[in-house]
Structure formats: C-alpha cells, structure tokens
Amino acid sequence: MAKKMMVLPLFFAFSFLAASLSDALVQDFCVADLKSPDTPSGFPCKKASLVTEKDFVYSGLGVAGNTSNLIKAAVTPAFTAQFPGVNGLGISLARLDIAVGGVIPMHTHPAGSEILLVVEGTICAGFVSSANTVYFKTLNKGDIMVFPQGLLHFQINSGKNTALGFVSFSSPNPGLQILDFALFGNELPTDIVAKTTFLDAVTIKKLKGVLGGSG
Amino acid sequence: MAKKMMVLPLFFAFSFLAASLSDALVQDFCVADLKSPDTPSGFPCKKASLVTEKDFVYSGLGVAGNTSNLIKAAVTPAFTAQFPGVNGLGISLARLDIAVGGVIPMHTHPAGSEILLVVEGTICAGFVSSANTVYFKTLNKGDIMVFPQGLLHFQINSGKNTALGFVSFSSPNPGLQILDFALFGNELPTDIVAKTTFLDAVTIKKLKGVLGGSG
Amino acid sequence: MAKKMMVLPLFFAFSFLAASLSDALVQDFCVADLKSPDTPSGFPCKKASLVTEKDFVYSGLGVAGNTSNLIKAAVTPAFTAQFPGVNGLGISLARLDIAVGGVIPMHTHPAGSEILLVVEGTICAGFVSSANTVYFKTLNKGDIMVFPQGLLHFQINSGKNTALGFVSFSSPNPGLQILDFALFGNELPTDIVAKTTFLDAVTIKKLKGVLGGSG
Amino acid sequence: MAKKMMVLPLFFAFSFLAASLSDALVQDFCVADLKSPDTPSGFPCKKASLVTEKDFVYSGLGVAGNTSNLIKAAVTPAFTAQFPGVNGLGISLARLDIAVGGVIPMHTHPAGSEILLVVEGTICAGFVSSANTVYFKTLNKGDIMVFPQGLLHFQINSGKNTALGFVSFSSPNPGLQILDFALFGNELPTDIVAKTTFLDAVTIKKLKGVLGGSG
Amino acid sequence: MAKKMMVLPLFFAFSFLAASLSDALVQDFCVADLKSPDTPSGFPCKKASLVTEKDFVYSGLGVAGNTSNLIKAAVTPAFTAQFPGVNGLGISLARLDIAVGGVIPMHTHPAGSEILLVVEGTICAGFVSSANTVYFKTLNKGDIMVFPQGLLHFQINSGKNTALGFVSFSSPNPGLQILDFALFGNELPTDIVAKTTFLDAVTIKKLKGVLGGSG
Amino acid sequence: MAKKMMVLPLFFAFSFLAASLSDALVQDFCVADLKSPDTPSGFPCKKASLVTEKDFVYSGLGVAGNTSNLIKAAVTPAFTAQFPGVNGLGISLARLDIAVGGVIPMHTHPAGSEILLVVEGTICAGFVSSANTVYFKTLNKGDIMVFPQGLLHFQINSGKNTALGFVSFSSPNPGLQILDFALFGNELPTDIVAKTTFLDAVTIKKLKGVLGGSG
C-alpha cells in the first residue's frame, strides 16, 4: 500500500519533468521528406508523428544486384533517396556485387569517405592520392579498406568466385562520379575531352559511342 | 555651411556603398519559423522584416519550475521550440530548480555538450565517460561544471536549501534522453529491457508501472 | 562487327550500373531558390532539372562600381543573393573598386574569413586581432592578404591610381557590418552609443546626421 | 621520332605543372600517429612518406569475436585506435558476433550515428528517441537499420543461429557507453545510482558485484 | 550459490566485451594541454589517465570581478585558457559584473554566438545586425537574450543596483574584440583610423591617450 | 587638468577589463607551423608572439607562372604550404596562367569548392556533375564561375590572348587530383587502368610513357 502511494507521486514527478519539456521539438533524427526541396544540409524532416520503425530500416541491400552485364558488377545504394532515414545523420551504405572478372570502374564520391567491407570473395581495390601515389591491395573476406573523400578509386574482383562487398560512406548522400560516364557519357564535345585528357579523338569517339555520349 | 555640404556627399557616399549591397540577403541570424518543417540544420528562418528584438529575448527562465513532486526538481528549457531566436546559432539554455532532496535523474543530451552554473545552493553533479570512469563533484554557488556531449550525467541537490542552476548547451536543440523514461516509460517489452539491461522483470515492471510504460 | 557487338553489351553494362543509381537524388550543388525561406545552412535548392550552366556563372563583377562618392570606393558582392550558384558551397566573391584617395571603411564579416587579391594599384590593408594587435601592410598588384573571420579590417587606396581588388570569402553569405553604419546609421540612441564607445554626443550626432541615423 | 619529340615536351609540360605544386603539403588523408597526443579533430598525421597501402587496410574484422560468455556476444571495433587510417575521415566500422540467445546490451555512441548491416542470422534491434518513443524491428540477412547519434539502442539475436552484423559509424571514434557498465561497473556510489535511476540499493549492489563496480 | 556462479560468468562476459574495446582510445572529451601549441580545432588533449573531476569544474566565476573602475564593470571569462575542460566541446562561459552606471562597451566575439542570462539587476542590452538594424531591450532578472556570432553588441546596467550576468558562448574560445581597444588601444596610425571611421584626429588622439594607443 | 584626471581612471578602467582577459589564449587565427605534423583540422599554430603582418600577406601570386610548355599553362597555389596564414581559415587562392591554346587539364579538388575569376582573356571552363551532366561556358574578363567540391572540371584558353585567372577555394588545402597524372603518372598497372577505365593498353602505355608512369 505504502509502495503504491509512493509509486503514484513518483509517476507524477516524472510526468511533471516530462511535461516541462513536452512542447520541445525534438530532432534526434530527420527522416527525409523527399517531396520537399533539398537544402544544403539535407531534406526537410518528415513530421515526427508519422515516423515509424520502418523509416529506420531498409531491405533493399538484401537482394543481389544484376551482374549479367559487361562490367559484371552492380552497385545498389542506400543513400537518402532510397533510405530517407539516414537524412542528416552523416552516414549511408551501398552493396557491391562483382561477378568473376567484374569491376567497379574508376570513380569518386565528391561528398564522402568510404569503407569497403569484403563479405565474400576477393577484391583488388585501390585509390590514387592528390600526390598521384597509388595505394592498392588485394582484400579477402573480412578485410576492410578506407578510401578518403573525393579521390579516384576502383574495385576489381580478383578471385575465382563472385565477390560481395558493402561500402559505408561518411555522408547520407556521398555522390558518385564514374570517370568513364563523366568523360564519355554526355554531350561534352570531343575536342574538349581531347584537350583536357590527352586522349585522342578516335578513342574518345569510340567510348562516347559505347557510353551513350555525343559531341 | 561648408560642413553641411561636406556632410551630404558623405551621406551619399555611404548610401552608395550600402546600395551596392542593398539587395543582399543577410543571414546574421535565422529566427525559427516553427510552423515550417525542420531541416537537419534547423528550422527555416522567419522573414527578416518581421523579426523584432522580442525574438532575441526570452523570459521563461525567470520563473521557478514547480518542484512539488517526488524528484523535487524541474527542468525549464529555452531550446529552439521555446526560444526560436537561438535557431541555427549553436547554443541554448535551461533552468534547473532542485528542492532539498531533489534530483535531476541520470540522462544524456544526444546533440550537445553542457555547462552547469550553480546560482544558488549546493549540487552534487557528475558524469560517466565511455571508459566507465566516473567524474563527480560537489558544486557550490558560482561553480561551473562541463558535461561532454552524449554522456550519462546527473545533478543532485546535496545541500540544505533549494538549489538553482542554469545549464548552457552547445546546440539550439541538444535533446534530452532521461534514462528511466527511455527504459520504463514506453512500450518497450519487459523481456527486451531485461535482456539488454540485466535488470529483473519484477523491477522493470514495477518501474514501468511508475513511469507509465507498458509491455 | 565483333567490335560493335562488344560495344553494345558494354553500353548495356554501364547503363545498368547507371540505372541502379538512376533514382538517386544527387546533391553535388544546391543552387539557391531565393523565393523560398532561408535555413541555417542556406536556401533550399532549385530543382536540378531546371539548373543550367548559367546558374554557375556570374558576370556582375565585370563592371566597375561607381566610385564617384566621398569614400571614393564601391563594393560589388557576388554572395548567394546575387549569385545563387554558391549556395551551400562555402565560398563567395566580391569586387572592390577604390579610386585615388578612396577607402573601404572599418568593417567585419561575421560569418567568413576573407582573402584580398590586388589586381590593380596599391592598397594599404589591415586588421585588428582580439588581442588588439594591428596587422597592416601596403599591398601591390598581385599581392594577397588574409583577414580572419569576424575581425575589424579596412582597405585604403594608398597609391596614385585607381585600385581594383577582388575579395574571396569562406562562406556564400559572409555578412558585412560596416562600423560607421552600425554605430551611426540607425536609431540606436545617442546616449547608448556614447556610453558604449566613449565618443562624445556631439561627434555621434554629427555622424548620425551624415549617415542617416536618428536618436 | 616525331612522336617521341612530342612526347618529351608533353612530359615536361606536366612536370612543370606538377612542379609548381610539388611543395604543396597534401592532406587527402591523415593516418593517425597514435603516439602523439590526440586533438579535438583527431590525432596528428603520420608522415606522408611513411604511409603505405597497409595503413588503409584492416583485417581485424575478419575474425569472429569470442561469444563464449554470458551475453553470448562480442563487439570488435575498427576505430582510430585499431585502424589509424580512418583518422579524420568521419567514418569507422565494427563487427558484431551474437551467438544464439546473445545480446548487445543497451548502449549509446556519444559521437556518431550508426548503421547496422545483418550479414548472417536474425537480429532484433531498436532504439529509444528523446521523446521516449521506441523504434524496434526484427532484421534479417541483408537488412540495414540506422541508429541516430547518442540514443540508447540494443541488438538481440532473435534467431536460431549465430548472428553476424557489421556496424558503420559517422565518426572515426564514435565512443561506446554501455549502460550497465556506466551504472554498475565503476565506483559511482550506490546511493547516487539509486537516487538518479530509481533502482533499489539491493539491485544496484548485486549488479555492481557482477560488473566489478564498488561503492 | 547458483546465483554466485551465474554472477561470475556474467562478470566475465562483460569483461570480455569490455576487453574487446580495452585498447580503444576514447575521446569523449579533450581537456586542453595548454603547454602544447594550439591547433585550428583546439589544443591537444591532456593524457586521459591524468584527467580528474577537477578538470571539468571551475570556480573562478564564483568571485565578483572588480568594478571599481571607470566603466564600472568587469568580465571574467571561463574560456579554454581558464577552464581547459571545455576544449573541443563547443561551449564556454563568462561572468559579467556591472556596477550602477557601468557598461560593457561595444564589442564582438568573432568566433561564437552568445546568450546573456541576467541573474541580478537590470541590463539594457542590444546588438546591431549586418543590415544595421538595432535590436535592444531592457532585461530583468531571469531574462535571457541571444547575440548572434560576430555582431557588435553591448550591455549597460540600466538599473539602480549592481547587475550580475552570465554569458554562454557557442565556442570554447569565442574571442573578444572590444571596439575602443581595437581602434584606440594600439599603434594603428591616427590617419588610418580617421580615414576608416570618419572620426576626426582630435577625437582619435584623445581616446588613444586614454586607452594607451599610439601613432 | 580635470580632463587628465578623468583620462587616467578611464585608462585604468579599460586596463582592468583587458587584464581580466589578459591570460586568455586568443585564437583569431592559426598561422601554420609547417614543421609540426599536420592534424585533421590543419597544422598546429605558430606562437602568437612570433606572428607578424608578413604571415598574412603573400606575394607569390604576383608572378606569372611559366607557360612555355605543352599544356601552355601553369597553376601557382597559395595553399597552406605556400601561405601558412590561411591555415584553419577555410579559404585559399591560386593563380592560373594559360597561354594561347593552353589548358588546365581535367582535375578535381577533393576537399574544396572553387570560384574562378577571369582577370584577362577568355576561358572556356566547365564541370561534370555526379549525374554526368556537363555545365560549361565561355567566360570573359570579369566573369566568375563556381565549381562544386570534388567534381571533374577543366579550363581552356579559348581566346586569342594569354588568359589570367585566379581561383578561390573553400579550404586552405583543397587538394588537386589531375586526372591524367592519377591514371598515367604512377605505377598503377596497365591492366588495372585498362579494366577500370575501358581504355586500351596501347593508349595507356603511351600516356604512361609521356607522364612518367610505369607498370
């Protein structure tokens, strides 16, 4: 009895404490409202009352990407656009499937550093620094490698089986600039590409043809 | 007369300088428009032309919180929700009233470091580091203590009179997670609480009863 | 023929890779939509599909400011308001035209550090640190000088010809607080100015008259 | 021959460009020199000339942690201390091994948000917000869940087989505060724990005994 | 008995978990080692094993500053230099004592926003925005006012009793540039001050005499 | 006489105010001590007492770079390494000299956004976004163009006279990764370059020969 009497006032006590904060707008998280315009810090937040546990979970990385293509590889991102729960939280993930002989071509992430975790197979991965030094190594299952922000890097399946990796980024929206697409997959004129890369026009036009570029 | 003639051109000179900047959108501050959705960096700004000195002043901390409760304490925040003028400015305040025997229970601020200033009375305050080291000390009037971001900490009135403190935060919206509420004040199932805290079910259910939790 | 066959699958391969990313919302940049309300991190972004190369180019600094005024100087900014392409990118520019005998009066930028580049003429520039130490020097064509964020600084044409400079800022919206305007160009009461600056009322009222202030 | 002549000047051209930058100190990365004292932004950098590809690769997560213990779980971190290559890059990883019936007890990371990736098995994971709302869900292989910075969260093996997970953090040094250790694994006096958690002294002393605490 | 047996394995279990983290360098905080050179993010950290609770507590604000001077006011800071525990934590405090008729002269903090809390007396406080708008108000006991980073502001005792205030900053080292010292308390030549402030040489020289300046 | 008496106490008053702050370590700036190891936030600071106005001024951009080379261009940086005064201030500059027919080849700055200012001549400049969209435009004297962080971009002299530009960066150490050097100027094996860029081995080996690469 005495216990119960003690219990109720305790409840009220905490209630009061909570009440004094009850009109506080809490921003532990900011699930992206993708229909609103983006801002430099990320998307506006979905109304807190509409947020559920589903907003913090994503199952899209559980499915292997289709590697039946020439690069024999696929990247499946869980960035803000696919996984709005990471908005504003400084982190995101992606899945890499690389079949035998497959490759994730030379690319950069303008807005984030990356850690690759090899879950299956063998991957030869590397990056080039601003000082033009190359750092590359063959990674086995369980190995991790970090790629500093904004530097050119690549991943190649160097083993005899399909490789599976997961990459983490220090940004919910790290960006992805694939070198060949940037150079050959758009309307950047051939003579500009030639002047700025020292590649010859024939090579450029051939790759433009392959990658859907024009000009 | 000559003076006045000099005066006018000077005026025009400055006017010109100002005019060349007159269409600049200045963002010295960003008083929160709480009706708009939040963003990861804070709320959109109230229109500058509607901002007055009242937006930068808040009187809510001038009133003692009601400590007639079991914890004999009250927290009165001046975060973005109560004081929209701090939006985007990286700082906020709160008032602590702790009656004799009162306590601010173990809690964290996920998004900000804190400095406690003791204005009246005696407060025993402390925090626990990630290395599980405890740092606690009895503070007297005029003493300040800093609590690093995200760590569990507490404040206890250890004197014979009411204690009054003010806490500053390195964020306009530092958040507040009170341990007992987090564990016992919601529908988190008893068996999950038990498994993850090593408390027994009886203790958990009792506190859930007290704190309004279920499950 | 074989080549063409190889080409098409390669195209498909890359297409697939791209497709797997095709619904990603990319935020390499965030051209300001100036009609939307600002946020602490800058303006919401213009829809990416509407962005063109024109959004990243600004020609307003190509025209000399009008220095036919008493300070014989003009500041032409390319901040977010004039050049929305810099929104969220942490950088902006401005042009300084200073005629013979002209001066950019003592001022601060509350939100950014600055580098001055002298393109024509001779400029005596300096700043005062929090420790009240003065750092000033005469700069010639090609010299650059850095002014740390928030400190009072000035630029004076100390040569015999018009001076032209460009200033870069570490913020797309660094702000500009011109000392004389802040003190004398508004309704701040004379007695408050006197008390807080140790200037006498006569001096203050004279400058208020010149600069359009009242009170 | 003509080609070779062209080749050499091209080489010189680039050499010149490089030379003009050759004395630039490049900081693409900052591999931690763990023997030097830490700073608020991380450890001082290892001399660039001593950095090799080994500094960017870590194999410590390839080995399962020993789960032959009562919680039947183990956390293996790859933070700055274990993997100095992540210093300053805003990201790190850890491995979770949770045997059948195992649990990662309630804890927080004061300095980083987290994404859990389930690689094997079934994990029931959740967190509590500042508003005391619980978000928890059963995750299967391939699922990911995000835990916002500083909030209490847990992971439980809710399946019939060993679970393997990898967690990514938005910080190279996110910290880890395990609730039970913070409360019961140190010399924080029992009466302070009791006052600030509403647990009774018997429960506290029992857990202190278990967890090595005193007082 | 069984209980005790259960207890020990539990202890070992946690020990293991802890052991797997035991070599982690934790950086919950970074108490400044003031003897080492500063860095852009703050001072290097004091060795964790030497840190005690005293590093997080400061009593220097408990003593009233000496206001027996012409401005009848004193500022007592608890910045990194006085209170090394705030290093890297984004927050600091200072005490304001303002006797009747006293004033904290016009000044800026280049590196932090500020909140003033009035603990005793009546203070007229205000700031000027980049748009030259003045925001000022008379504050009574318990009122708080926020001053955005880098803007000129002031505090005047406008009551009939001594005023006591505490100011919080969004930086452990916000800086302090007092306008009159910056203009008149150093060797900045009179003609430069005149040109850049529109004050006359007589006024400048008089204040230089008062404030210890030369030139 | 009375004036003098008033003057002295005023001096003392301010002195006192200053004295109460005299032991504050002020960090308005942090001139790099390049002999100490770098940190993630920049170099440790040169002792304040040794800093002079020369630390904030740099004349190295006043001299045209030597464009007598095949690319007919030169980049002259004023990053932390050349101009230690910008350390920690979030900004730096570089000079571009591009002779007729010259080009700054495709490159990225991993750690900063850039604004190009054309001071003389005509420059065709552009960048490619993560979405592979090309934004390029011919810029005339006085035009500025912004290049978002981490994206591939280039500058070509498209006029009939030497072009002179200055580029500003949102970082004191933005980095510079020149595509051709990264791909062909090091020991990255030809087969890896081939696999990750879709260039053929003959092209790669030719460019490796030109650019000093091997493998």
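As written, the chains take the letters A, B, C, D, E and F, and residue 1 is the first residue of each chain.
Criterion: a contact is a pair of C-beta atoms (placed from the backbone, for glycine too) under 8 Å apart; a residue touches a chain by one contact, two chains touch by 3 or more.
None of these values were measured; they are calculated from a predicted model.
Shared contact partners of chain B and chain E comprise C, D. Among the remaining chains, those touching chain D and also chain F are A, E.
Set side by side, the interfaces A-B and C-F show unequal numbers of C-beta pairs in contact, with more at C-F. Although chain E and chain F share one sequence, what matters here is the overlap of their interface residues, and that overlap falls short of half of the numbers used. Seen from the Cα centre of chain C, the chain whose own Cα centre is farthest off is D. A rotation of 180° superposes the C-alpha trace of chain A on that of chain E, rounded to the nearest 5.
Taking each chain's centre as the mean of its C-alpha atoms, chain C lies 40 Å from chain D.
Here the CA centre of chain B is 33 Å from the CA centre of chain C.
Each chain gets one centre point, the mean of its Cα atoms, and the points for chain A and chain F are 28 Å apart.
In chain C, the residues that touch at least two other chains are 10, 18, 26, 28, 36, 39-41, 110-111, 126, 129-130, 132, 136, 148-151, 175-176, 178, 180-181, 185, 198, 210.
Applying the touch criterion to all chain pairs gives A-B, A-C, A-D, A-F, B-C, B-D, B-E, C-E, C-F, D-E, D-F, E-F. Residues of chain C touching chain F in their complex: 10, 18, 26, 28-29, 48, 51-54, 56-59, 61-63, 78, 83, 85-86, 89-93, 112-115, 117, 119, 126-127, 129-132, 135-137, 139-151, 166, 168-170, 198. Those residues of chain E that touch chain D in the shared complex are 6-7, 9-18, 20-21, 23-28, 30, 33, 36, 39-47, 87-88.
Put simply, chain A touches chain F in their complex at residues 103-106, 108-111, 124, 126, 128-130, 132-134, 136, 148-152, 154, 156, 175-183, 185-188, 192, 195-200, 203, 207, 210. Residues 34, 36-41, 65-66, 69-77, 79-82, 110-111, 173, 175-176, 178, 180-181, 185, 206, 209-212 of chain A are the ones that touch chain C when the two sit in their complex.
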